[in-house]
Each structure stands twice: as C-alpha cells, then as structure tokens.
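Across the two complexes that follow, chain A remains constant while its partner is chain B and subsequently chain C.
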Partner chain A sequence: MFRTLFYKEILENLASNRFLMVFVLCLIVIPLGAYVSTRDYHARQQSYQESVNLYNESHKLPTDLLYRGAKAYRPPSPLSFLSLGLEIVMPNVAETRSRAGESQSYVELKFNNNQSPDNIYEFFHGPLDLVFIVAVMMTFFAIAFSYGSVSTEKEQGTLKQILCNAVPRNQIILAKMAANYITLNIPFVFTVLLGLLIFQGNGFALFGSDRAWLYVTLSIVFSLLLIGTFFNLGLLVSTLTRQAVSTIVILLLCWILIYGILPRLSIILSQLVYPVKSQQLLAFEKNQIRMENEKECDARIDKLLDSGQSSLEKQKSIRAEYGEKLVESWQKLDREWEKRREIQMSMAMNLARLSPVSCFIRPMAEISKTGWLEYQEFAKDVSRFQLVLNEKVYSQNVFEVTKGGLQSYEGKFSGPAPIFQFQTISNESLMKNVLPDFILLVIYNLLFFAGAYVKFLRYDAR
Partner chain B sequence: MNFKEIRDYQHRLFSKDSHPKLLGKPSEGLNPPDLPIKNPEEPLFIKSYSFEEITMVNQKAILMASDLSKRYEDGVLALDHLNLEVQPGEVYCLLGANGAGKTTTINLFLNFIPPTTGTCYVNGIDVTRDPLQAKKYVAFVSENIMLYGNFTARQNLDFFAKLGGKLNLTKEDYYLVMRRVSLQDNAFEQRVRTFSKGMRQKLGISIAIIKDAPAVLLDEPTSGLDPKAAAEFLEILVGLKNEGKAILMSTHDIFRAKEIGDRVGIMKEGRLVMERTREELQYEDLVKIYIDYMRSEPLTA
Partner chain C sequence: MHGESTIGIEGRQIMFKVIFLKELLESIHNYRLLIALILGLTIIPLGFYVNGKDYQTKYRDYQETVRMYEESHKTIRDITLLGGAVFRPPSPLSFLSVGVEYLFPNSIESDGSLITAFGAQTRFNNTRTLNSPLLYLYGPLDLTFIISIVISLLAMLLTYNSVAGEKEQRTLSLILSNAVPRNLVISAKMLAYVVLLSMAFFLGILLGIFVLLIMGFEVGTGSGFTLRFSLSVVVALLYIFTFSNFGVLISSLNKRAVSAIISLMFCWVILFMIFPKASVIVSKIIKPVKSQQVIDLEKSQIRRQMEEEEYNELQKLRNVFPVVKDMSMPEFMTKLKQEDKDAVAYDKKQNELKEYYLAKCTAEWGRIDSFYENQRLNQTGLARDISRLSPVSCFVHLMVEISNTGLLEYRQWKQARSRLKQLLDSEISNKLRSINFGNYVSILFNGDENAPMSRIEYQSVPFRKVWPTVWPDFILLLVYGILFFLGAYVIFLKYDVR
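After this line comes the complex of A and B, so read on.
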C-alpha cells in the first residue's frame, strides 16, 4: 500500500508544473551561483597572494618590521561559494603599528579590511551563494511542494476517496512526506552536484588535502535539513487547514517570520537587554587613556631631565613602567568589552536559533570558513604572531631617545623576519560548534512532522 | 418465530451437512457480531451466534446501522438513533433536506467520523472496531468527485484500484470498466483536469466498480449533472444493483429516487421519519409525502 501511495505522489509531482519550474530554476541558479562565487574567490585569492608576495619582499629583515610594521594576511576561503558569510566584512589583514622612537614593549595591533566586492550593488542584495539559494529559494519551494499535499486533497475530495479504502492513515502521511521531500530534492541535489563539477573544473580540489568534500557534504546535509524543516512545516499547516489558499497564506507568514523577522528581532532584543559600547567609542576611550598615560610619562621624564639626573636606563625604566600601565588599562578595557560583546552575541545567537534559518545560516558560514570562528582563529594566530614579534624583534631592539630628539637604533636580532602563518579552525572545534544547530534542525524537522502525523491521524475526514 | 426457532433454523442453514463445501479454514476477524457472509467465495466459519447476530444473518444485510447516533462537538445532533439495513441487490435512497443527516450516515459507514452511540456494520464488520477490514467491502462515490487532474483517467483508475486491493489489473481491464460507464475511448488517456463533471462522475463510479465491493455508498452523485448525464449515471447504478451490490445513495432528486430505489427513506433532523418500498410507492405520491414531511413541525419542537 505504501508503495502505491508513494508512487502516486512521485508521479503527481513529476507531472506537475511546479516540479518543472523548480528544476529549471535550480538548473539556472545553482550552477550560476557556483560559477560566480568561484570567480569571485579567484579574484580575492589573487589579491591575497599579491599582497603576501609584496609584503614578503619588503619585510625580509627585522628592521623592516620595525620601520614598516608587520602585517598578517588572512587567506580567502575557497568554500565561500557555499556561504560568503562574513568573508567580505571580516578583517583580512592585521597590522602592527611601528612607532619608532617610542617604547616597543607593547605594539599596537590593528585589524583592517581592504576587501570590497567587485560590484558594490552586491551589498544591497547579497551574494548568490548556496546559503541564499537554500535559505530563500529552496525553503520557498519546500512550502510550495508541501502546502497542498494534504489540504488540496481535502479540498478536492481525493483524500476522502483514498480514506474510503483499507489504507492505514499513517502510510498515507508517510508516503506523502517521503515522496514529496524526495521529489523536491531531486533538482536541488542534481544541480548542486553540477555546481560542484564547476567548482572542481575551476581548479579546486574537492578531494584534496583540505578535505573540501567533507565540508561540502556537511553543507548539503544542513541544506537538506533546512529544506526538510520548511517542508514539514508546510505539511503540518496543510493538515491543520481545510483549504489550500489558507495553507499558503499561513505558510507565507511563517516564512516571513522565520526568515526575516525572528533573526533580526533576536539581534535587536540582545542589544536592548545587554547593550555594548561601539568599537569607535572603545577606540576613543583607549586613545584618551593613552594620551593621559603619555602625558604623565613625559612629565616624569621631563622632570628627570630638568633635574639633570636623566640616564638612558632611568628613561627606559619610566617608559617601561608607563607602557605596562597602559597595556594593563587597555587590556582591561578590551577584556571587559570582549566579554560584554560575547555575552551579547551569544544571547543574539541563541535567541535567533528559534528560527531554523538561523540554525542554518551561521553554521553554513562556519563550515565554509567564512564565519565568526574563522575570524577568531585568525585573531588568535595574529596574537601568537604578535608574541613572536615581541619576543624576537621588538624586545630585542632598542630605541634611544635624547632630549634633542635624536634617535639611535640598536638591533640585537639578526635572523630573517618572522612570517605569519594562518591555521584554519580544526575539524573538531568546527563540529563542536555546529552540532547544536544540527541537533536543533533535526528537532524542528521531527517536531513539525510529528505534529503533521498526529493531526493527520486524527483528521476528521467528513 | 421465537429465538429458539431462529437458532435452530440458523444451525440447519449453516450446518456441516447442508454446506460441506463451505467448511474449511476459519476466516479471520470473525468477532461477534461478524456475519458469515463476508465474501461468497470465502469458506465460512460456523459457530454459535447470539439472537441479534442470528437476526442479522437471517437478513443478510450488507449495510446495517443499529441505533446509530452522532452528536458533533458543537452540540448539533446530526443523527438520532438511526436503524437502517441495505440488502444485497438493493438500492436504498435517502432523501432529506440539507442537514437532515444523510451525509453523516454515509460518513459513519465510511468511518470518517466515529458514532456517538450505536454501531454500523459493513458486511457484518463493526466499522468502528475494525475500520480497515470494513472498508474492504465498501466503495464510495462522492458529490463533485475531483480526482487527480494531472493524471489520466486510466492512471486515476489504476491508483484507486490498487488502493482497493486490485493489484494485477491490466490496461484492458481498466478500459473495459471505463467503457462500461460509457466513458469515451479517447478520454481514457486524457488528463482528468480536462473532464466535464459528468465524465468525472462516470470515472468516479468506475472506481467504485473496479473495487468490486459488495456495498456502494453514494453521496448525492447526480447533483449538478445534466438530465442526460444523470440518467446515464443511474443506469450504471441499476447495473451494479443487478450484480447484487447493496447501494445506499443520498440524494435530493425525488423522481430518480423513486425510479431507482427499492426502498426510499426520508430523513429529518437526523431521524429516519419515513420508509417506503418500491411496491408501496406505486400507490403513493413520493413528492407529496416528502413535501409534507418537510413542511411538518420540527421534531424537536
């Protein structure tokens, strides 16, 4: 009996215009998206490579680092065709400021972003990556495939015709779910595979050492889960209503709420509940502290010079003392700000998880190495690099200041300049990070389907 | 005839000696008050029956409503202690105004809704207790049957035949049934969405025919059909009746009910207020009876 019902659903879908429409749209959009995204990645990769080469050429010696400052570049992610995520807005270069003539015990670090899309118009509408295709297009198609599966049959009377036979109701709903979900995903999976061929054809190694296939597979699993969530939601609403028109209206409202409103609302709510000062304000506060610190330090040195008891050792000791004080104040400020920001972000993330779309978009960015985790990893690597620089370059080189403003330089480290090495996030950390979202998506699927299942079993067929 | 006499009669009727060929393995699901007439080809399982069961066996009703009532959640009493039987080869027409309880009766026989009190049996099987088993013996034709528009007539027929348990039918079998209901040959492989209402109703009845169930339930099947299409439809019903099917049809068409019905029942406010046989109606004006009942004081007043 299940086979008959399943086969009928498949046949009905294949004969429908919506299947053709979905297939054509997927066939156009998904490979096109893959092509455009890989082309953009190539451009970013080229820019990155050129910057790194140029930097390496000009920073061969430790003195180069002192005069010009050190830089650390974050490579673009080849998986950005899955999700562009924060790739464009995330800092892609960290710079240490060389302030010759001053204490080098603390070197200021600044993250910059020198990327911008080829076409600024992209910012208005977002990229055509897999996340957009799934979160917008496929979820919409999922609704289109499921909204009528029960309510249209109720409306047309075909469900009565089925139910007057010796058919267990659970088989009807299971066949509907399985057949419609499979038919919906045929065009999606087929065209994603086509997109991967384009990816492979553009010089990416899907089965290379960086295990791109693993991330691609994980992305497809997440995509299928999100599509399933919307599909099962459609099925649930379809069992709750008696008319297909009511079903589609309710589902469109749900879609707007889940896709557009809930994630944005969660950010606003977190900002209201737990406000955090802006980065500009933080920078302003830090600058004020520095100015005060410098003022105090200069005053002490001036006093010392005036007294005629100045020596290089004493100057160094005063500057080091104030340098440490500055570092402490800044670090305290940074820690407090980071802590508050993390709480706010985690609050926003958890609230946003009420929307299945949020459980998809963020992990997809992490899987594609274009998310917040990747940025944090970059920041960690930069901090490590900074320590190396401090240890090998800045702390080993001395600037001498005299009252007349003369400067002299004495270098003690003569090896080649340390080079920044970026290590992407480990698979273990990544999996650990995306696991809650994965579980939530599974729960959403089960919840919506269970609701549809129970409602269908209790359906009053009159 | 008292209880003892009936029981003796039943024992003689179904005794080992009188039907030696019918005895064999016991058929499944024969729980009281199941009847030993489920399928003429199936061997019967003889056992002792209660008085009520024996009465039922004696009558051989394929469709039977016993003290059937239905009160909906909103408090409306849609059906009030209905007792009804339809024998094999009999057409029973239910007449009544909208909301009289005709469709509720059919819905209860199909187990679309549970009864509040009472029981309905299809081929002796309690519909509420064993709905899937009962549904094997009943076919249904609804008003405004839509079917699957993207499927051809044959594909629709094939799907419902399989649901009805007919798994090995050929294309020719389907064509044969569709010809029987006077569906034109060129419509067999046409998508149903292009069909007129009359054609869809014909296809609907062909679905009932192909299931080959002993009982056929029809819910206002001729409403909205033109007179010619309605006449053709009723001709098909007569054919089914002649095959021995028990037919229960709800309708508003008094003339056709009189024409085709072996028995006609008039329902009002959930009660069966009048029942006449074909013979009785030869001497009575059904239209007048119907109108008189409709104009009479409300039963609940």
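After this line comes the complex of A and C, so read on.
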C-alpha cells in the first residue's frame, strides 16, 4: 500500500511543471554559485599568498621586525562557496603599529581588514553561496512542494475518497512526506554534486588532507535538514487548513517570520537588553591607558636622569615594570569586554535558534570556516604569536635614554624571525559548536512532522 | 466589449466603484487586509525602532571617538606621534536601507610612522562589523528588506487569485457575460490591490515616524532628511505598484490560482535572486579586475624600488662630496647650520633627488590607481545595468543611494582618504626633511610643531548628487510598473471566456 501511494506521489511530482522549474533553477544557480565562489576564493588566496611571500622575503631576521613591524596573515577559506559568512568582514591581518621615532620593547598586534571590497556593488544583493540558495530558494521550493499535499486533497474532496477505502492513514501521510521530500531534493542533490565537480575541477582537493569532503557532507546534511523543516512545516500547515489558499498564505507568512524577522530580531533584542560598547571605543580607551602609562614611565626616567644615577639596567627595570602594568590593565579591559560580548552573542544566538533558519546559517558559516569560531581561532593564534614576538624580539630591543635624546641599541638576536602559524579550528570544537543547532533542526523536523502526522490521523473526514 | 458604447461615464464610474469595493471587501473578508495591516503595523515600526536605536548607539560611539581623538590630537606634534584620522558618522537614514554601510571602513587613519617626508600613507580601518558578527550573518531589518521581501510577498498573496481565481471558479465568465467593460474590471482590481498594500505600508510608516519621534531620533543638519525620506516613500509606493501589477499579470496568464501562486513564487525567486546576483557574476567574468590587495602590492613594490634607487643615488652623491663623506652626522648638522658651502650644496642636491623620486612615485601610483579605478567602475556599471532587468535591483539601488549607504557614499568616503592625505602632506610631510647620511636618517621639521592641526570634517553625499545617479532606476521602476499593468490589461482584454 505504502509503495503504491509513494509511487503515485512521486510520479505526480515528476510530471509536474514545478519539478521542472526547480530543476532548471537549481541547475542555473547552484553550479554558477560554486563557480563564482571558487573564482573569488582563488583571487583571495592569490592575494594572501603574495602578501605572505612578500612579507617573508622582507622579514627574514628579527631586526627586520624591529624596523618594519610584524604581520600575521589569515588564509582565506576554500569552503567559502558553502557559506561566505564573515570572510569578507573578518580581519585578514594582525599587525604591529609602531609610532614614528620610537623604539618599542612591547608590541601589540592589531587586527585590520585590508581586503577592501573591490566591487562593493556585489554586496548590495549578497553572495550566491549555498547558504543563501538553501535558506531562500530551497525553503521556498519546500513550501511549493508541501503546501498542497493535504489541503488540496481536502479541498478537492479526493482525501475523503481515499479515506473511505481501507487505507491506513499513517501510510498516506508517510508516503506523501517521503515522496514529496525525495522529489524536492533530487534536483538539489544532483546540482550540488555538479557544483562539487566544479569545485574539484578548479583545483581543490575534495578528498585531500584538509578533509573538505567532511565539511561538504556536513553542510549538505544541514541543508537537507533545513529543507526538511520547511517541508514538514508545510505538511503541518496543510493538515491544519481546509483550503490550499489558506495554507500558502500561512506558509508564506511563516517564511517571512522564520527567515526575515526572528533572526534579525534576536540580535536587536540582545543588543537592547545587554549593550556592549564598540571595539573602536575600547581601542581608544586602551590607547589612553598606554599614553598615561608612557607619560608616567618617562617621568620616572627623567627623574632618574636628573638624579644622575641613571644606568641602562635601572632604565630597563623601570620600563619592564611599566610594560607589565600596561599589559595587565589592557588584558583586564579586554577580558571584561570579551566577557560582555560573549554574553550578548550567546543571548542573540540562543534567541535566534527559535528560527530554524538561524540554526542553519550560523553553523554553515562555522563549517565553512568563515564564522565566528574561525575568527576566534585566528585571534588566539595571533595572541600566541604576539607572545613569541615580544619574548624573542621586542623585549630584546635594548635602548637607553640619555639627556641628548633617545639612543637605541639592538639586542643580541639569534636565528630567523618568528613566523606566524595559523591553525584552523579543530574538528572536535567545530562539531561541539554546531551540535546544538543540528539537534534543534532534527527536533524541528520531528516536531512539525509529528504535528502533521497526529493532525492527519485525527482528521474528521465528514 | 460591446457594453462600452451603451454605458455612460457615470455608469462606468459606478461600475468601477462597485468592482473596486468588491475587491476591497473580499480582501477584508479573507483576512488578507488584516494580515497586511498586522505586518505593516508591526514590522515597519519595529524596523524603525531597532535601526534608529542602532543608529543612536553608533552615533554616540562616533561622537565619543571624535571627542577622544580631538582631545589627544591637537597639535602637529600630536599627529606626527599618534597619527591622524578622519571618522565617518553613521548614516541617520540607515533605517531606510543599511546598504553596504557595515562594509564601509569606519575611519581613515595614518599612523605617525606612516607620515614621512615621502608623503603620508593613509589606510582604511574597519572594526565596526566585528562588534556584532551575527548581525552580518542574519542581515538587517531595514525598510528596504521589509519592502523588497515582506511587502512584495504580500503583494503576491493579494494578487495571485485576482484573475486566475475567478477564472477557476467561473465567476469571471459570469461577470464578463454582463455588460461590464473589461478594462473597468481589470483597472478596478489593480487599483484595489495597490490601495490595500499602500494603506498597510502608509499606516506602518506613520507609526514608524511616531516611534522615531518618541525615541528622540535626531537628524544631522544638512542631510536633506525630509526630502530623502519622502523620496524613499515614493519609491516604495512605486515598487508596491510594480509588484502588485506583476501579480495581476501572472494571475491573468494562468487558468488556476495554484499555478498562479507557484509561478509567482518562481518569478519572485528569479527577480529577487537570479538577476541581481547573476549580474555581478556575469560582470566579473566579462570584465575581470585585479583585487585591491594585489594592486596595493604592486604599489608597494614600486615604492620599495624607488626607495632603493633613491638610496643608491644618495650614496653616489655622498661620494661626489668627499668632504661631506667623511663627516659624522652631528658634524654635518653643525656645518649645515653654519652654512658651510659643501654641506649646503650636498643638502640641496639631496633635496632635489628626494623631490624627484617623490614626484615619480606619486605619478606612478596615480597612474595605477586611476587605471584600476576605471576598470572597477566599468565592471560595476555593467553589473548594475544587467541587474536592472529586475525591478528588485532598481528598488535596492534607489533606496541604498537615497540612504547614503551605497556606492556614492563609498566614493565620497574614498575621496576623504585623499583629502586626509593632502592635509597631512601639506601640513606635515612637505615640511619634513629627512637627511640621509650613510645608514643614518635624521628627520627635521621645518615649522612650528606646537601649532594647532587642521581637521577634516567628513560630509556625506548631498541630496542634489543623489538624483542624477538614481534617476534611471526610478524611471525603470516606473516603466516596469506600467509594462506589467499594460501586460495584465491587454491579456485580460484578450481573454477568451470559452
């Protein structure tokens, strides 16, 4: 019985125009998106490689760092075709910023985003990555495939006729769900595989050492779950209404709420409930602290010079004392700010999880290594690099102030200049981070389907 | 059609009114008006509130940043030590369209170390987006989003049934079998939908303005706020008109309401997704441009090459002046002060060399910049033109430029970068003299270091510059609206009832 119902639905779908339309649109959009995203990635990768080569060439010795400053570049993510995420707006470099005529014994690496948007116009309409395709186009198609499954049959009276026969209701709804869901996903999976071929053809190792296939598979699973959520929601609403017109009206309104309103509202609410000052303001506060610290330090050294008991050792110890004080107060300020922002972000993230679309967009960015986790990992690597730089290079930069002005003496450096090593987020941390969203998406699917199932079983055919 | 000659003007007016009211009442009866009103009255004021609040926070940040900057950057000496900067205030109209404002660097800076006798180097600094990464991932709730997505979907929901539904239920045959001019039927229907949607939109806008007033939303002077706001309302109405007519057109083309709504959904995906995004892709393929990073690398290579050449020339110059060659730096400085003939001659030659290389480097950089800028403009222009095939793009172009969060503003902001460079060059770099002496470099400032430093106050794009850029989009949106109307009108008139 199930098989008959299943085939009937499948054949009905395959013969319909909407299946053809979905196929054609997927065939245009998904491979095109993959092609352009990989091209963009190539350009970013080329820029990154050239910048790193140029930097490495001119920063071979520790003294080069003293004169030219240090830089740490973040490589672009090859998986940005899955989700461009924060790739363009995330800092791509951390660099020292020395001030004219000053020797430094402690440096801070500051983040900067110098991947200035070349063609800012492309951001008017957003990227054509898999996330956008699934969150907007496929969810729309999921609605188009599910809205009429029950309500149209109710409206046309065919459901009554079916139910008059000895057909178990659970098999009807199960067959409808399975057949429509499978037909909807045939064009999607087919064209995604085509997109992956383009990805592979453009010189990416899908099965290489960086295990891209794992992330691609995971993102396809997430996509299927989101499509399933909207599909099951469609099924649920279809069982709840008597007319196809009302089903589609409610579903489109749900789409507006789930895609358009809930995720945006969650951020806004979190910002209002738990405001955090901007990073720009924090940077200025830190600069103010630095200036005060330096003023105090200079005053102590001037006093020492006036007393006539100045020596290199004494100056060194004063500088070290103030250096430590500065680092301590900066770190305290950073910790407090980061804690507040973490709270605000997790509040926004949890509120947004009320919408299945949010449970999809954020994890997809993390899986594609273009999300917040990747940025935090970069920040951690940068702070490790900063420690090494200060320990091996800048703290060795011995200099003395005399009454005539500043005299700098380079310390004794050995070996080559330290090089920044970027370690991407570990698989374990990534999985741990996206697991709640995965579970939630599964729950949404089950809940909507269970709702549709129960409602259909209890449907009064009279 | 035959009825037209027998019905007088008054009769036509009454008939029009009857059909118009019938459509309105039908929308009230099936809750579509209620839904449109609920959405209009909740989302628009909410969007205004949250974006207004966001603007207020950003503006406070901006003011605080400027205040702190001004406190510590008073004199030329402060700038040479700490660097100079220009800050961009957030756009007060970002509640209309956030556009690409979050991609704009929020300041232009030049570190003290970057202000040299070779000219000042400025760079964009973008820290804003990191404050709320999720906002970037999920997108803003501005009026452009509300209209282009929510209202256009509402327009679809209101209109898909307009003709196809009546065809399906055979009520259209009944209507047309009476002496009702067809043009009256279709015009009344179309007007009813536009009025319904506009009503929901207007009420939402009014409530939104009320919310802004309660919030104490302040607008900067000279930004043409009222004009811009009024124009954006007109543009939104035009968009509603266009989409409503589009819905009726698709409905007229279909025989069943279900196929009408499905066709509309697919068309929406094409207009909203395919045209705007594919236009960028096509322009990138047809007119590729190197990335800014690669261009910057090219420029820094040129600069390094020039510096190397200059250094070698200076070394050669020292050998030409044997007396100077054997001097130590302090000795040279003393001789220079005493206006020693050799020292002065060496200094003069050295300055000539420096000026030559500075001019050469500036000219080369200018050539590279203008070459790539032209290429980029061509690419953007092509993408913009292709995307105009979709009314959604025309609407987005208009709203973004009106709100000062688009291409025009970005160009203006880029110009501020060169203005900062000019200021730093004229007040500091041109007065700096670096004297090379072997491996030593001594930097002298010919001027008063304690003199107050001039500031650059950034001014957003004035309204008078917006219209010349956006009028093609306005006209196109109007043309689309009229075309869809005519399409629906003609198809309806030619409809074969049998």
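What to note about this one:
Simple rule for what comes next: the second predicted complex is superposed on the first by the 449 of 462 C-alpha atoms of A that agree within 3 Å, B and C clash if a C-alpha of one lies under 4 Å from a C-alpha of the other, contacts with A are read in each partner's own complex, and residues count from 1 in each chain.
One rule holds in what follows: contacts are C-beta pairs under 8 Å (C-beta built on N, C-alpha and C of every residue); 3 or more make two chains touch, one makes a residue touch a chain.
As the structure is a prediction and not an experimental result, all values here were calculated from the model.
Annotation for the three-chain superposition on chain A: chain B and chain C fit side by side.
Residue contacts after overlaying the shared chain place A:I162 against chain B, while chain C stays out of touching range. When both complexes are overlaid on chain A, the residue A:L312 reaches neither chain B nor chain C.
Of note, the Cα-centre angle with chain A at its vertex and chain B and chain C at its ends comes out at 100 degrees, rounded to the nearest 10.
If you count the residues of chain A touched by chain B and by chain C, you find the higher number for C. Once chain A of one complex is fitted onto chain A of the other, the partner contacts of A:K8 are limited to chain B, with no touch recorded for chain C. With both structures placed on the common chain, the touch criterion links A:D460 to chain B but leaves chain C unconnected. Once chain A of one complex is fitted onto chain A of the other, the partner contacts of A:L387 are absent, as it touches neither chain B nor chain C. Once chain A of one complex is fitted onto chain A of the other, the partner contacts of A:I439 are absent, as it touches neither chain B nor chain C. Once both structures are overlaid on their shared chain A, chain B and chain C have a minimum Cα-Cα separation of 10 Å. Listed in rising order, the residues of chain C touching chain A in the complex are 30, 32, 35, 39, 43, 46, 50, 53-54, 57-58, 61, 64-65, 68-69, 72, 80-83, 99-100, 102-103, 105-107, 111-113, 115, 123-141, 145, 149-150, 153, 156-157, 161, 165, 257-259, 261-262, 265-266, 268-270, 272-274, 276-278, 280-281, 283-284, 289, 291-294, 296-297, 300-301, 376, 379-380, 383-384, 387, 393, 396-397, 400, 406-407, 410, 443. For chain A in complex with chain C, the touching residues are 17-18, 21, 25, 28-29, 32-33, 35-36, 39, 43-44, 46-48, 50-51, 54, 85-86, 88-91, 97-101, 111-128, 132-133, 136-137, 140, 143-144, 148, 152, 244-245, 248-249, 252-253, 255-256, 260-261, 263-268, 271-272, 275-281, 283-284, 287-288, 291, 341, 345, 348-349, 352, 358, 361-362, 365, 371-372, 375. Across the complex, chain B meets chain A through its residues 103-104, 107, 110, 112-113, 132-133, 135-136, 138-140, 142, 144-148, 150-151, 155, 159-160, 162-165, 204, 207, 211, 217. Across the complex, chain B is touched by residues 1, 4-5, 8, 11-12, 15-16, 156-158, 160-168, 460-462 of chain A.
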